[in-house]
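Both complexes shown next keep subunit A, but they swap its partner, so subunit B is in the first and subunit C is in the second.
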Partner chain A sequence: MKITHLFNKLLVKQAVSKPKFYLTRSNAWLLWLSQLLNIALLGFELAYWMLAIILLCFCLQALRIQQNVKPDHPNPVNSQLNWLALKTVSPMVLLIFALLGCIAIAVTAKSFGILISMIHLLSFSYILKAFELRSRKDFYQLILLGFFVLASSLIFTQNLYFSILAFAVLMINLLVLLQYFSPSNRVFKNSKLQFLLLAQSSVLAVLLFLFFPRLSPFWQVPLAKSAQTGLSATVQPGDIAKLARSSELAFRVEFSEDTIPAYSQLYWRALVLDKYDGRKWSKSNEKNIWGLALFQKELKGLETLASDEAISYRVTVEPSFQPWLFALPVARTAETGIDLLPDYTLKSKRIVSQTQSYSVTSYVNQAKLRPLTKTEQRINLSYPVGSNPKLEALGAQLREQFQSPQDRALAVLTRFNELNYYYTLEPPLLVNNSLDQFFFDTKAGFCSHYASAFTFLMRSAGVPSRMVTGYMGGEINRLNAKGGSKGHLNIYQYDAHAWSEIWLKGIGWVRYDPTASVDPSRVNQGFSERLAEQRDNLDNNFFSLQSFKHFAWINNLRLTLDLLDYQWTKLVIGYSAQKQYELIKRWFGQVQSWTFGLIMVSSIVLVLLLLFFINIYLSKVRIKAKERTPWGALYSKSLTLLTKKGLTKSPDETVNHFAKQVALKFPKISKTFYKLSHLFNQLNYQQISHEQQLVLLSKMKNEFKSLNQQVNKLSYKN
Partner chain B sequence: MQHIIEKVLTQIESVVLGKPRECRLALACLLAKGHLLIEDLPGMGKTTLAHQLAISLGLSYQRTQFTSDLLPSDVIGVSIFNQDTKTFELHKGPVFNQVVLGDEINRASPKTQSALLEAMAENQVSIDGVTYDLPTPFFVIATQNPLFHSGTYPLPESQLDRFMMRLSLGFPDLKAEKKILQGSDDTITGEHPNVLNSEQLIEMQQAVQNITVSSDVIDYVIALCQVSRYQFMDDKKLPQNKAVLSSGLQCAPLSPRAGKSLLAAAKAWAYIDDRDYVLPDDIQAVFYEVCQHRLEPQQYQNTAGSSSAAKQILGLVDVLNPLAY
Partner chain C sequence: MNIKTFFKDRFESWLTKRIPAKSQHTLTSKNIFIFPTAFGFTYLLFVLLLFLLGTNYQNNLIILFSFFLASFFVTVMLHSFFNFSGLTLHSEKLMAGYCEQRIDFPIYIEAQKEHFNIQFAYTKPSMKTKTAATIHVQPGSELVNLPVFSNERGQFSLGRITVSSEYSFGLFRSWSKLDFDHKVLVYPKQRVINNLNTWLSSSTEESKLAGVTQSSDIGIDEFSELKNFIQGESLARTAWKQLAKGQGHFTKHYQSQQGEPLWLTLDNLPTKQLEVQLQYLSYLVNKLSTSNQEFGLLLSSPGKAKVKIEPSLSKAHKQQCLTALAMY
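Presenting the complex of A and B:
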């Protein structure tokens, strides 16, 4: 009670002036709910202080609805409904509050980035707008703002489930609107009606989606500063083990040929790390002009290769907010917006902030033949001397013991295999990331430990070598396998992997995966049972369907959902201007760009015309259903004329009574309207012959014509 | 005929000053062959109106003052043994007049009240096993005091239903009151000759019956009756859009007889208006007087305010689409 009293004193001015805007109680709550849901979908993007403000506003709003004002003159037709007029909030208080909020947003804008601050501003205004519902216009604005808020939540997530959720919330938003116009209907009945309406309009939506020109945007949504996921630019020995606990999707691959390479061949390269500072691996940023020139030459050489050497596939990456992309070795792509780096990795020109797909051709069996430049040799042999003395000593020993680099590498791999090395997701902590400690003492680690130690050893043994991170393997979803396609491949974060490449004279860069020596199952079929169990124990996502893989039907369900999500990503989100062009080409044959434009424009015009005529037809049907008689139709037309002038006949009013009202308000048209009303009465209530009816009806039509003219004249004078 | 109606009305209005609507309603009631109940405080002109109606229409009438010790035989009549002829002779009571003016009907005991009301329903009376027809036309014009007055016996609902209309005169406006006070006491008697005779009245009643009622108007009457019945109906039978009607309205339901009376009264109203067809306007004009005492029999005050059930029901029905809620 006290709080509400305080609230009254602080914020609420009692409705002094007659409020003009009414809602039914149920609709007010529905509006409140829709606002709550709209904001909830954006919740993760908003700062805590903003969420706190919004929550406070919601509480105040709920109080306002509780303490509504009974309107003085509710709609007479629906006077039995529970109408309420919200108490008004003083505009001064609102203005001050809005200004304070804007200042707060402006102050934090620097750290949030433009997009997030704009979304804060949008949400904030959306919440405040609910406090100044004074007229129907405000109500419309609020609903419209709600659509914007809802749409902006789709900037951040676009997967199928979220889209369905957003659609459901959209339904509630629309329901508020529908409930406003037919308040006496039950919510359930209105939602049925709304479902019908949406089903009808979805046809239009599909057409627009397919054919509306996808103009390149005049302005682009600024990049969101969001948490980066997936592989990072630097790798410390323990890093990938942490990543391997996540069962989030990293990317999907669909092969265009009917073969999917063997599991052990699926090394998705992302980053080549060739600089080691004793603690972590990173990319050296030394300029290497010679290497670049050689690389260009090599790329040209690839073009001449036989096409049966190549594997083509399409990769769809989930947003990682990092630039690197994934491909099998020696990849080529013709996509603009993707750079091919001399280390044979792909890099997007923009950060991957949305689901993005690209097609790649890989020459898996092709060695990377290009000779090593001096710079490259230096980089790939350097290591901080003295950082791991025991390993360095072992490297020197290897160099003496074996002539060829292959033998040196083999010796290390044999050691991993034969001695008691252990592959685990929970590696013991190392002091200062000491590789010595791992190699000689703990002997337990994840892929990055083995790859680090191996690369380090190779370097100290005088073999150019480097660390590669990426993903290994993937899960095949064969549910959509038919015809040429064998289904698609899902690569999850737990497939993250690290391995080594060493440079062999005459052969080039060759992949060496020390993990294969320690835990061969990892590179042949994925996580061994023991490792998977370990992962599930670490993964605190109890509800993840991943952990129920061994139940066949759950696994099936998971794969089906995955397929749906994939199709959604591929077909709906990935429907670009290019794809649109291809589709139209497929349907209409080769088309010039102007014909293309013509098809689009004409399809839109066609749809609009269709809608227009359907509307006219429907309104005629509606009139027929309501006014079974021509005079009834004529009378209701003249009522429409007068409604436009602000005079509405209430349903319980008789024709004569309304004619008197008209005479009071518009004396100039009273004579004609009296005549018209009288004719209607005669036609509707008097028992007359058909001939008489026709005579009276034509008279009534004449009266209507002159009424129409007179009403129009009214508007010129007023 | 119209000029005669006009004449009758002017005559009545010259006596009952400042109440043209009530005079019209009373006349409509009689033209529709209905009985009239006039309820108001003492001294508001109830008896004057009843009296003048009888005079203007040229009907034989007798006034009976109802008191608590009035017996049924005082109203109906009694058979008395004639010593000379050695037979029972009927001494007809006041009920054998064309117009029976029952003054302060609710002061009489229920037994006496029902004797009169039986006559109203059947148009005949039985005395000692012999049935006597009452004259035509036969009207009962009853007046009553508001029931909160002491010494009154309320008429039960079933008997209230026999009256086509219940009128309430209300206070006159200032002008009319001044005229009343200036006027002489004997305005009523003598000066006003009969305008009509009973044959003409019967003819008029016939004409009223022949007035056209379109099915739209009948729908409107049905819709009005339906609304009053919603609270007694099964939820499933209610129209879909009952939210409009569900709350607030508390009243007794209107019977089909009420609907019939409503139509009859509306026809008479149209006739007085010189029309040969009924409009929804006519229904609305007589609705309050015809239906209010059926809807809210226990509400004895002059409830012309907006909250009366009759007004509410009128507000709930769409005139042009009565049955399409």
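Presenting the complex of A and C:
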């Protein structure tokens, strides 16, 4: 009882303290909006409960702006404006709220990872800070925190459109400051100015970006533990069908010199899955299954091949938060951050948490000649006995029926082709992922169903085989295909695919894609119309230009946007220390240690001079424009009259001051000249309607006439 | 003599050469200083932090973001400068007023364009002149009154005026210390004498020797005669009764004006303290001037030069007397 009483007293006492910081109403809303946008850009990274708290805070904030306090001592500047002071919230309440929030963040920290927890903390404090705007210092802190929130959203998304959005939000953030210092200006006028200032800043920003030395990371930073996208390390028969509903970009491939291979050759390998446990395919954990020495020898052998056997290209992968990379077989790469695995796949040393690109050379027609080791053979033949008894029986039958592994495989493919198998994105559910059920009963499935069943059959028929996942095909964008470039390929998530490889003596691992037997169009030109329609219906991306592919101009627009985004990814996001080195070498010749410093200093000086003269020029133009007005012309005419009498107005002398000088020297004309000067001032500087302008102008003309007469009389008397 | 004052003096003398006293100043690159504010420095620190964040994540966009903000800082410097430059300021040299009362120094501003967030403040701390005005200058001419308060009488030099602006983003403060050669003349505070008439009449008799001389009764409303109204005479002395009766427009004339003039001296005031005596005299000078009585001023006290102002009656005379009181 007593404690609550004390608590209430404390609250009331604190709440009464008068705020000392004022904003105009429009600026308070602008600040609110900028906060909302900053947080919105981070929205996808925040947990639902945090979003709920933040939303609540925004509602409270809006209420506070509505029920503002009129300041006791209105700001002396522009007192006609709608100033408001926000009611202060008791620091006790804030403290308790902040503590609760921090505890909640700390509790969930383990599941979020460090980075996301930090983002939560940052957003939370950013929102709470808005409740204690007591002085200009708090206001400044809030703005700076806003920059940080905005910048941290760029950790997660970096594509062109998001960047443009972030830039626009930055503009609104700065606009709040500008509005604070020129509250009488309309927001629209200030936003024009704000845009102009940012445009002026862009020159130096670009120069800094190009030439400021790229540094390597100073210390280890926590990486985002975002949801993994794309292929996963284990595959169940239905998995890839789910992935194929997404029209998100997976990666892009640019062919600079070599022609793009035929569509049916575009098998982008990502993972080799050689372990089957009766339900799902995964990578076997056993170590040293491969003869690494043999593999190295095989790679060396590739180097001796003629260059026309090889295709070179550059892959740019979107962040998938997984280590798998994509390449056509048989791939070689000299990039340092990438491991070449003996199953001919590429694996990044770190998970791909942001857009990353690498160059690859592939020897497409090269057979994989390396012999199988004992362990490899064992693994690629094993399957849990009894998991799919009907298929096992069929396998045994194939083994007896056909001598060569090729014939056994062909028999299965023929069966897929001739019996009523159906290729669909919506396969019927299987009990316990039973391949028997799929193969003999439902007969409807997506690539992974067919690849699973095929590989299983091959193993039971005594042919070493394995499952491979990756992407198949890709959409060609030839808009930038000129000069050296042949255009680039976009590979989307719906291009995800699964197929098999079987080992043939004397040939090595050979790709067998059972999908080709069921739905040949899938491997020759991509999704058939029926399948594409099915995908569009299932696509969870509501707004996607993909669905309008059949309208030529929309498709063209889509490809243009895609090209822009690709250039952005390549030039801006992918700008590296090495590219910088090459650029400087190309432009300035040798790269010395002082080159960077020299370029920096000279570009800063140049930009400063440039901006300075642009500003001077603009203000001169503005003044000139004023002189060209009818009143300006009249005034300068009267000045010439006086110059003839030996009285000249110096350029920095004010109109009023000069009128005084005239009065001192020629008292006879002082009255007329005063009137004329006053009219000029009114016309030149006051905001008046057009009719009023005309009235004042005719008055000024009359004054000028009488001035002319009086001046002439002066000369007569003198 | 410590280093701080040494540098301050050096700066002052340099400033005198750089911006000499004038009645009119135009703000140009010659007299404008520009320097980041505390917020400006914090902003730079944040930009550096963002650069570190971008470098650690090897995230080009965050690095670009930080470069943008850094470049924006430079642009704002120029923009702040252009907002501040081009103003022409003009001011009176000398203003007078009473002790402990607000004395306004008018500053006339002429501008070609809009100037935002222009602040004025006196640099001198002693005169309670720190009160600054912040205005938004519209194109054309404008007037700002800078208030000055003083607790001491006398003439003081006010020193330079700091004109400054933090527009457009609070990152920079553009400023100039202008010298208008401002001097303020502070008259003693007026201290009211109760029962003025009785006091004056009583004092005259006692103080014949002391120099406050009055040939006849001072009695301010001691009426002597009516004269025809002359154009320009104060309406306060119109004989309203006669005017109302339709007898014509007359003005009342008082005996004292015709008699020998009144001399104000330091003696026979109800106190012996010099400051207070001067305050009484300040009041009397005002009172007598408003009631159109001729008076002279005679100040003498041991150890000070004698001041004598012959009796007269005009605005200039009043000012002369008050100045004498202020400077005594």
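Just so it is clear, the second predicted complex is superposed on the first by the 561 of 718 C-alpha atoms of A that agree within 3 Å, B and C clash if a C-alpha of one lies under 4 Å from a C-alpha of the other, contacts with A are read in each partner's own complex, and residues count from 1 in each chain.
To be clear about the criterion, a residue touches a chain if its C-beta (ideal position, glycine included) is under 8 Å from a C-beta of that chain, and two chains touch if they have at least 3 such contacts.
It should be emphasised that the depicted structure is a prediction, and the values quoted were computed from it without experimental measurement.
Trainee: If you stack the two complexes on chain A, which partner ends up touching A:Leu410: first (subunit B), second (subunit C), both, or neither?
Mentor: neither
Trainee: Going by the contact rule stated at the top, is it subunit B or subunit C that touches a larger number of residues on subunit A?
Mentor: C
Trainee: After lining up the shared chain so the two structures overlap, which partner does A:Ala205 touch, if you call subunit B first and subunit C second: first, second, both or neither?
Mentor: Second partner only, subunit C.
Trainee: Once chain A of both complexes is superposed, is A:Ala47 in touch with subunit B (first), subunit C (second), both, or neither?
Mentor: A:Ala47 sits against neither subunit B nor subunit C.
Trainee: Applying the document's definition of touch, where does A:Gly632 land relative to subunit B and subunit C: first, second, both, or neither?
Mentor: After superposition on chain A, A:Gly632 lies in contact with subunit B alone.
Trainee: Which partner chains sit in contact with A:Asn681 here, subunit B, subunit C, both or neither? Use first/second/both/neither.
Mentor: In the superposed model, A:Asn681 contacts both subunit B and subunit C.
Trainee: If you lay the two complexes on top of each other, which residues of subunit A touch subunit B in one and subunit C in the other?
Mentor: Shared contact residues on subunit A: 76-78, 184, 626, 652, 654-657, 681, 684-686.
Trainee: If you look only at subunit C, which of its residues touch subunit A in the complex?
Mentor: It comes out as residues 24, 26, 39, 42-43, 46, 49-50, 52-72, 74-76, 78-79, 82, 86, 88, 90, 108, 110, 112-113, 116-117, 133-136, 138-141, 166-170.
Trainee: Per the contact definition, I'd like the list of subunit A residues that touch subunit B in the complex.
Mentor: Per the touch definition, subunit A meets subunit B at residues 76-81, 184-186, 189, 626, 632, 635-636, 651-657, 681-682, 684-687.
Trainee: Within the complex, which stretch of subunit A touches subunit C?
Mentor: 76-78, 136, 140, 144, 147-148, 150-152, 154-155, 158, 163, 166, 170, 174, 177-178, 180-182, 184, 193, 197-198, 200-205, 208-209, 212, 215-219, 221, 354, 572-575, 604, 607-608, 611-612, 615, 619, 622-623, 626, 652, 654-657, 681, 684-686
Trainee: Taking the touch rule as given, give the residues of subunit B at its contact with subunit A in the complex, in rising order.
Mentor: On the subunit B side, the touching residues are 212, 214, 216-217, 240-241, 243-248, 276-281, 284, 314-321, 324.
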